[in-house]
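Pasting the structures here.
Consider the two complexes below, in which chain A is the common component and chain B and chain C are the respective partners.
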Partner chain A sequence: MDNIFGFKLSPSSTIDMDKVDFTLFDKLHELEPDAWKCMACGSCSATCPAGTFSGMSLRKVLHCLQRGKQKEAVNMLRCCMLCGKCSIVCPRGINTRHLILSICKLYKED
Partner chain B sequence: MIGMAFVLTYCVFALGRIFFQLPGADRKRFLVSLVTPKTMLKNVRDIFCDCLLHVKIWKRNKLLGYMHSSIAFGWFMLIVVGHIEVLLYTPHRVKLFYYPIFFRYFVAEDEHTMKGEVLFFLMDFFLLVVLSGIALAMIKRLRSRLFGMRRTTRPSLLDMVGLYSLWAIFPLRLLAESFTANISGGSFLTRSINHLLTPLLGDQASVLPWWWAYSCALGIFFVVLPFTRYMHIPSEILLIPLRNAGIKIRNARKGLAKTQVYSCPGCGLCIDACPMSVQKANTRDTTVYLNRQIRRGNEKRIEEISDKCLLCGKCTAVCPVGVEGDRLRIAQRSVRRYGINPDYTSIDTSPLTVDSRGKVLYYAGCMTALTPSIKKAMESLLRKAGIDYELMDKDGGICCGRPMWMAGRIDQARQMMKKNTEIILSSGADTLLLTCPICYRIFKEKYRLDGIRIVHHTEFIEGLVSSGRLALGAEDRTFVYHDPCELGRGCGIYEQPRNVLRKVGSLVEAEKNRRESICCGGSVGSLTLGFDKRRVITQNALDNLTVASPDVIVTACPLCLDTFRRYADRKVEDIAETVDRNTRTQTRTS
Partner chain C sequence: MKQNIVIVGGGIAGLEAAKRLLRLGYRPIIVEKQDRLGGHVAQWHCLFPDMTPAGEVVSGLIRDTAEANIFLETEISFMNRLRDGYNIMLSNGISVIARAVLFTTGFSLFDAAKKEEYGYGVYDRVITNGDLEHWFNTGSDKRVDGGEIRAMGFVHCVGSRDEKARNSQCSKVCCITAVKQAIEMKKKFPDAAVYCFYMDLRMFGKKFEDFYISAQRDYGIRFIRGRVSEVSEDIDGRVVVKAEDTLAGKPVKVKLDLLVLMSGMVCGRDTESLASMLRLPVDTDGFFKSRNNVSAVVQSPLEGIFYAGACTGPKTIPETLAEADTAALEIVSFLYRS
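Up next, the complex of A and B:
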């Protein structure tokens, strides 16, 4: 299947939202009501020093969790250095460091 | 009797437990330090100065100092003089330790049979001293402001029991001794009260109840002692040699941490010191309450209190017994377990390494990356002074690890430190220059970079100025210098930036400065304080800085700069910017 005339088939990226388990996600928002404030501006990702090494982006982490793609989120968080730059630049004043620590507490590495 | 026996066995058990909770290496170190003459001398001196005379509290407030030392030293002298009396007159009874306490009850003598009144006078004098201290303590409960304290600790129920029995001991002792003063002798105090009382209650039968009341108060105090804040009396004697032995907190609840928690006298000096106390809701999250909750084992509150703290270290700086509020909190954070554990081993350090043999390696750090004005000014200064330098994190580097360390994730912080050490060592630089005190502190304290000079830009600039590599001109402005927590209390750098600032303009001081400086509120130390809750803290710190109405607020930390800049009504800048603006000629000497 690979590489037919320079093209290839990629696996489907459809997410079946009915099959995603959102209990942890709901719990996270209970713990961190601030997380709802995020408007996905990407300031955090732009300043993130871990992003240069690993593609870590808090905006994407929240996005992935919202869509049930926990594995991607966890992989990104494994690179966070907790330096706190994101909390300084966040225009919504989200306490990003505590948000990250809460995610680290709730979710597990696979 | 019962009280004393109970307290002694309790203390012996506690001592043994703490001793065995210390890690092996520390235990050895402690024992060695106990027999080293130098530390031995220091121990004795510290115990005398801190536990009895309360020198540190004297320095803070005379009245408060007098209150504490009168009770502690007065009581100590009562015990000593009491023992001397027994030793002199009834030597065969010395073995019974309760005997000196109730001496006057057992022995019916007077000054004629007892060769002079000196001892009686001393006993009465020290009793008066203690009584005056207790009177002050009562006044302090009502009006703490007279003692220089805006807020004091709210005592718990058992603390109250301890407090009232302590207050009761000495007046009761006075009365009891007065009643027997005509039989067993007394001096100016007990004698005169005896004269007053005899016409009223001449009956000898009233003697016994007073002695009973006195011994009951004493008994109650000693029985509740281990469960109240008065446990600090025996624990502090252990804490001082441990501290002098150079032992550090290694476990959140055991060993040194435990000794510190129990040494907390609950005086509440940390409440006024805490920058969060500007909001009344936060006063319950100060170190004194952390210690109380750790004693109670209230896990939920312990987590809440230790996560909220800004880790500015001011409570540690003002604490008269030396409880390290900041380190204690980091230790509490470090016991937490997470499902996701970052791992940086995959980061390749070779692209981050710049060849800087014999040069200055400038690590700006995360926070300076957000305040490019500092980096620009610093680079300009380096060029003006003609210094060869390289940037370590030009296109983003690895975090120094201090924020991670503060969050209690020590293993992760160590991984980052290892990576940075690799980069710095293979770069071959001989000096590491930092413009961020957060980085500076961990580089100074935890990194092993042998042969490399680690220097903060305030020190570095002072060095350049004093060696004549930078020629400064003065401007007609007044500056106030804000001591960043990590640089001042953390690393002890207070004078270098001030020396530089005095050369470029006139320097005024903030109301609270140096060791007492107030955190800007932006600290990465706090995990739970949200952005909106920090504003009051920042405002309070700004009010403190601007009492002498300076034109410019100068600081030496990118995080303080960023935090102050949001709310300040005047110019805020980093010391590098100030100096760069006032550097006239370029002197190239290298």
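Up next, the complex of A and C:
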């Protein structure tokens, strides 16, 4: 139906933590206990050669997974080239390449 | 000449200074307004970063100061300066002429009810960090025991870094206290989701950062960067917490069974009245003003008046104890000089 009023309602952008399913994220923790250590400093994203062009950001990927936005996370990861620069800069010493591969294993639909 | 030293406040700063003075051969007088010694620390359960029982610290200090003159349930009625000392009238009718006075009057915990949007005293399942420690100690608080805890949260910076609450200072120890309490709660309720709503995490002390990493990695505490904007109660009595997830740039909400407000340290209630008796300056944060905030923290601008502990600003326990020792040494060298 056409919108005869000239305006429409946007869906709420609020993240409802009560509706987030943590089953997969908890499984990820079993595989990669260090995944929870991220303190969102952004070093990985700043150094990421793919990030500049594609919006790939490991910080955002981890954050999305914790907020139930798995699709967004998986989409971002498609642009990762597994170059491993992020693992060099991570101050918390997270093995980011290994973490990315584990996320792919757990979350990838195809 | 009799050289009396009066210590105002029987918390850990006052006790530590008294212990040191006793060992140096002096017999200080401790004036404590409450009916017990140990101040705030005596009501705490365990201390970061090694989970030392607070009672152990306090009872050790009380044992070491048994020789001091201790007046409980006593306040300072008035004080005035003499040519070379101070005349102090106590509320129990005793008056003392002291050569040196050490203020260890400490801090007050911010009254969380002033932040109305968090609903302390309004909603049944909102408590403060102090209430939680009390529950750790006694095991009884109907706000905590009221029902199953599936999800709970901590709100950092309640009344701290808040100009509207008239406390622009950082209360320094609440970040690590929240992380400590979150871990303790996760141990008690392993299946519960535990959230921390923070603006920054200021993990400045020895092993604090390790504590934070362990909270993330080993206990799965969920840290959400954003100050809680409002808390409301739903039909089941659970609290709905709203904040902005500033890392996502999106609003976030969550329903919790228990919300703990991290009340900060604010200047002690008596600071102003005590300061006005001797016309001592009060700093911009409402705490006593040291002679120099870098090089003479335990000295006041007045000869013979000293400070130790949280009466000059928020401090950790080791900092307080170190300051009390410094103050004791300063007092002794002052007495030698004069």
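As a convention for this text, the second predicted complex is superposed on the first by the 98 of 110 C-alpha atoms of A that agree within 3 Å, B and C clash if a C-alpha of one lies under 4 Å from a C-alpha of the other, contacts with A are read in each partner's own complex, and residues count from 1 in each chain.
Methods note: a residue touches a chain if its C-beta (ideal position, glycine included) is under 8 Å from a C-beta of that chain, and two chains touch if they have at least 3 such contacts.
Worth saying up front: this structure is predicted, and the values here are computed from it rather than measured.
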item: Superposition on chain A - do chain B and chain C clash or fit; value: fit
item: Touching partner for A:Asp34 - first (chain B), second (chain C), both, neither; value: both
item: First (chain B), second (chain C), both or neither touched by A:Arg97; value: first
item: Partner chain in contact with A:Lys105 - chain B first, chain C second, else both or neither; value: first
item: Touched partner set for A:Val89, first chain B, second chain C, both or neither; value: first
item: Partner chain in contact with A:Leu65 - chain B first, chain C second, else both or neither; value: neither
item: Chain B versus chain C as contact partner of A:Cys44, first or second or both or neither; value: neither
item: Touching partner for A:Met81 - first (chain B), second (chain C), both, neither; value: first
item: Smallest distance from any CA atom of chain C to any CA atom of chain B, in Å, after fitting; value: 15
item: Footprint overlap on chain A, where chain B in one structure and chain C in the other make contact; value: 34
item: Residues of chain A that touch chain C when the two form their complex; value: 13-18, 22, 26, 29, 33-34, 36-40, 59, 63, 66-67, 92
item: Contacting residues of chain C [partner chain A, same complex]; value: 151, 193, 195, 201, 213, 216-218, 220, 222, 225, 245, 247-248, 250-255
item: Residues of chain B touching chain A in the complex; value: 307, 336, 338-344, 346-347, 366-367, 369-370, 393, 395-399, 401, 403-404, 407, 409, 412, 416, 522, 524, 527-532, 559, 562
item: Residues of chain A touching chain B in the complex; value: 34, 47, 49-50, 52-54, 74, 77-85, 87-90, 93-95, 97-98, 101, 103-109
